[in-house]
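Two complexes, one shared chain (chain A), two partners (chain B, chain C).
And then the complex of A and B:
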């Protein structure tokens, strides 16, 4: 599923991963200064629309991911109502003797929406970026040392193997009569039991891969050739201009409404 | 082992694979954490934060070179992004600050001491950095100081025990399996064993 979205040829998938990563950090720094609910709401709508139109990702799929996340977002609202920094003056209504002030509700709403904005931009990045392309882009444009870049890619390739390994360890434990865990406490001790064998085999595999890489002449130096080059294209310029317009518009809007 | 402080490829790949494992575990933990935060608020969540510093401390304790804590945490954060996390942006910044915090504590001891109190301090620095980051990122300044104080306390506790003590326990049991014999931790352990044997023979 993830794979299919990352590989299709819509606009967002063509943008250089480095630039997308920068835009992801940008939105966080922008939102840190915002405490009204309107700005994050507008930004959230624009982002969701943008991801689904420019990234070719179905709206239903996006909302399905964001829905469980809103439980987390909701916590900001109730905590701000129950434990505010300073209680607001406009009391809307009271629940069991607790006065709910409009100001606190608004700030809580803003913080909740803020976390949803972060989530939507994260989805923009994650759903449209191929892992390999990201690493190559970081090596080629961000001066990430190839030793780290390729080392990480190698380790990342182990992930499917880990799943297989976990199955094996589980089967081995079961055949020795350790049985299956029921309930949360048993699950936790079970995880502890799986962790050490899994990590031990991960370390062994990693050592072997490193030796193989070195024996094939990988020395981690910067002057090397690349089979895949991640270029800067016109799409990147368009994306950058789009970001400029988006943030310019938001700043203008905030200045107009006096917030 | 050309230079004593530069990381070689073997150490990088091993560190990366440990961090990748933790990155995947972190993802599950984030999911759990968000539910806990939704229900119990930031204090209950604070008790869980130490877990996110583990990659740093496990790797630093095993490899014992400058920079390992920070890089390991960044790789774990990177994994979460590659696998597809809903919190990619915050994870990236948090990974950096958490790693930096943990690294700082180890740097204070000039990367010479890796005893339990130092690791616990490192975990606490990591969660402290975590606290400062989310304080600004998620606007916790809007809450009463009682709740942010309780949250900080919970996080520091979690940093000391979950991150410091827990990581040491994991790394030590890994070293007992023998896979770490080529790394600093394994060598230190072997040295200790040999000294002990020499003593018992006398």
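And then the complex of A and C:
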């Protein structure tokens, strides 16, 4: 599923990963200065629409992933309403004797929506970026040492293997007569039990991969050529201009509304 | 000046008191095909890693003596310079790649060499062409089978165009059909491109006749023999066996006949040579055997290829039928109309089987036909979509998981997955403890297990620190703490070396003779023929055959369809029987 999205040929997938990563950081920086709920709300809606249309990602799938984040976002609202630093003066209504002030609600909404904005931008990045392309782009444009770049790729390849192995270990332990753990303490011992065989195999695998990589002439230095150079294209220019317009518009909007 | 020059080379790993390699000297010319034999842990892989400089560059070790590749020491060259001269194909297809797709993986090596884009494109296409993977150029590695992954490994090496290819047990994790394919690919390519081949292998039957030179390392890290394959085995047969090194099946049989009075003028390395030799000696008497051999050849499309089956030592029981005792009585396990599907795909379709007490059942069939699925249904890890399984007359639906576990054991492919404790002793006691036994009750049982599975010496050790063979024995032992009558094993000999395979099979045979029923999934037809009393062939989710191994190997059409090769011991049976009856003497 994930790699099908990452590899499709929509606009966002064509944008240079380095630029996408930079834009993610910019959003975080921009949002730090915003305290009203309206700006993050607008930004969130635009982002969701953008990821869905420009990234070819089904809206349903996107909202499903955002669902757990919204629980997190709601907790911001709840905390601000119930335990505010300073209770606001405009009481809107009361829940079971608890006064809900407009000011606190607004701050909560703003923070909650802000976390959703971060989540949606992270999804924009994760869902439309192939790991290999990201790694190449970071090596080629951000001076990431190849040693780390290719090391990370090797590790990434192991993730599905580990999931498979965890499944096997689980089954094997069940056969030894160990059921699924209930409660925190049992969960902890269970984790420890699963970790040991997984770690043992991870260390062995890592060593073998390192030897195999070196035997193919890899020395971790920048002294190598690239078959595929992650290019800077018109797409990147369009993406940058789009971002500029988006931020400009939001700033203007905030100035207009006197926020 | 030879291409590879090794003089007085000694290597010792840190914290070890003995050298792995003890002052070996060796010259290799370009284009040679060499096989290196030696006991496991005997320095073969160490030599391979030293040849491309990984020892001592990346793997720490104390190295003395001279090692020159094409006139220069690999330890002093950069990794990319060495990789132009020497390439290694490793054993495990999962752990020699670092990229996501096929083409990226090949390009990784080419980029390390710093080639231009045009050059890379050209080499990429040629190498994919050579191994026959052009159609999966853009595919992800995880979609490939084990055999295809090893082919990709070969393509990666060929693309980098080294002078020497070192093949470090490249087929240890492959099934017999893929093994044969990889061997053939390597031999034909190296012939065409004139590469030097250094094989480190233990599946020898089909490989040995193709080798020009065999170098044997002994347990102490010395070179014991270095000569043509026939000469080495003529002169050093006993010494090779004493060092725990695997000997091809055919040579074991040849040796057997020799003991019975046969005098080989030329030790046979292939079944054709075997036939010729015996025909020369046996005159008229040989007629009928030749007929039998021709029939056996017919099984392999008449090409007379030698066996692909991975080996273990034969316990010299020539006729499997005689050891087959059809056991009557009520089945311990009754499977009726069992079906299972996963992700909309029918994996098992209406399977019906009986397992009788004391039966040794081999479950065979191509990869992906539901062997593991069936075994996991039998141990309750999966629930059937339809049908019924009964253990001693009790249906699985009415059986609690822990009740089932008390009657049946299941051994996983990787023994480590089953370990849950910090010491061997605790591991064995674990089953009793969770059943609520008191220490004074389980102590004697554990002692008995330690003795029976030869684990007494390592009782305090952590299970993860054991040797491969000990781990395997412990994993079987933990499954029998409750005196389970049914033992299911999922490819227990896969990736295990010769000595361990043999030890495990002897253990299973012993358990079997004590009346335990055994179900073993395997690809190794030699094991099937030697040990099993019943074969069940699964094909496309249905039972294509169930019955005696003897009859199984006569069913040519069936075997061909399932891509199964007849074990060598079965093909040689007519001769061996004849010798047993003293029909022939020269």
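Note that the second predicted complex is superposed on the first by the 242 of 259 C-alpha atoms of A that agree within 3 Å, B and C clash if a C-alpha of one lies under 4 Å from a C-alpha of the other, contacts with A are read in each partner's own complex, and residues count from 1 in each chain.
Operating definition for what follows: a contact is a pair of C-beta atoms (placed from the backbone, for glycine too) under 8 Å apart; a residue touches a chain by one contact, two chains touch by 3 or more.
Just so you know, these numbers come straight off a predicted model, no measurement behind them.
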Chain B and chain C placed together on chain A: clash or fit? fit
Note to self: Quick one: is A:42 in contact with chain B, with chain C, with both, or with neither? Answer first, second, both or neither.
What the structure shows: neither
Across chain A, the partner (chain B or chain C) reaching more residues is B
Checklist entry - First (chain B), second (chain C), both or neither: which does A:114 touch? => result first
Discussion item. According to the stated criteria, A:144 is in contact with first (chain B), second (chain C), both, or neither; which is it?
Written reply: neither
Original post:
Which partner does A:196 contact after superposing on A: first (chain B), second (chain C), both, neither?
Top reply: both
(message) Which partner chains sit in contact with A:205 here, chain B, chain C, both or neither? Use first/second/both/neither.
(response) both
Requested in this report: For A:74, select first, second, both or neither according to whether it touches chain B, chain C, the two together, or no partner.
Outcome: first
So, does A:131 touch the first partner chain B, the second partner chain C, both, or neither? both
Rounded to the nearest 10, the angle in degrees at the CA centre of chain A toward chain B and chain C equals 70
Message = Between chain B and chain C, whom does A:240 touch in the aligned arrangement: first, second, both, or neither?
response = neither
| request: Look at A:154 in the shared chain and tell me whether it touches chain B only, chain C only, both, or neither; answer first, second, both or neither. | output: both
Taking every C-alpha pair between chain B and chain C in the superposed model, the minimum, in Å, is 6
Both partners, chain B and chain C, contact chain A at residues 131, 154, 156, 196-197, 200, 204-205, 209-211, 213-214, 218
Contacts from chain B onto chain A in the complex sit at residues 7, 9-10, 12-14, 16-21, 24, 34-35, 37-39, 41-42, 71, 75, 78-79, 81-93, 136-139, 141-147, 170, 173-174, 177, 179-180, 182
Chain B partner, complex, touching residues on chain A are 2, 21, 24-25, 27-28, 32, 35, 65-66, 68-69, 71-72, 74-76, 78-80, 83-85, 107-108, 110-111, 114-115, 118-119, 121-123, 125-127, 131, 134, 147-148, 151-152, 154-156, 158-159, 162, 195-200, 202-207, 209-211, 213-214, 218, 220
Residue positions on chain A within touch of chain C in the complex are 3, 130-132, 150, 153-154, 156-157, 160-161, 165, 168-169, 171-179, 193, 196-197, 200-201, 204-205, 208-219, 223-228
Contacts from chain C onto chain A in the complex sit at residues 49, 52, 54, 57-59, 78-84, 87-88, 90, 92, 94-101, 104, 107-117, 120-121, 140-142, 156, 160, 376, 379, 381, 401-402, 405, 409-410, 412, 414, 416-420, 430-431, 434-435, 464, 478-479
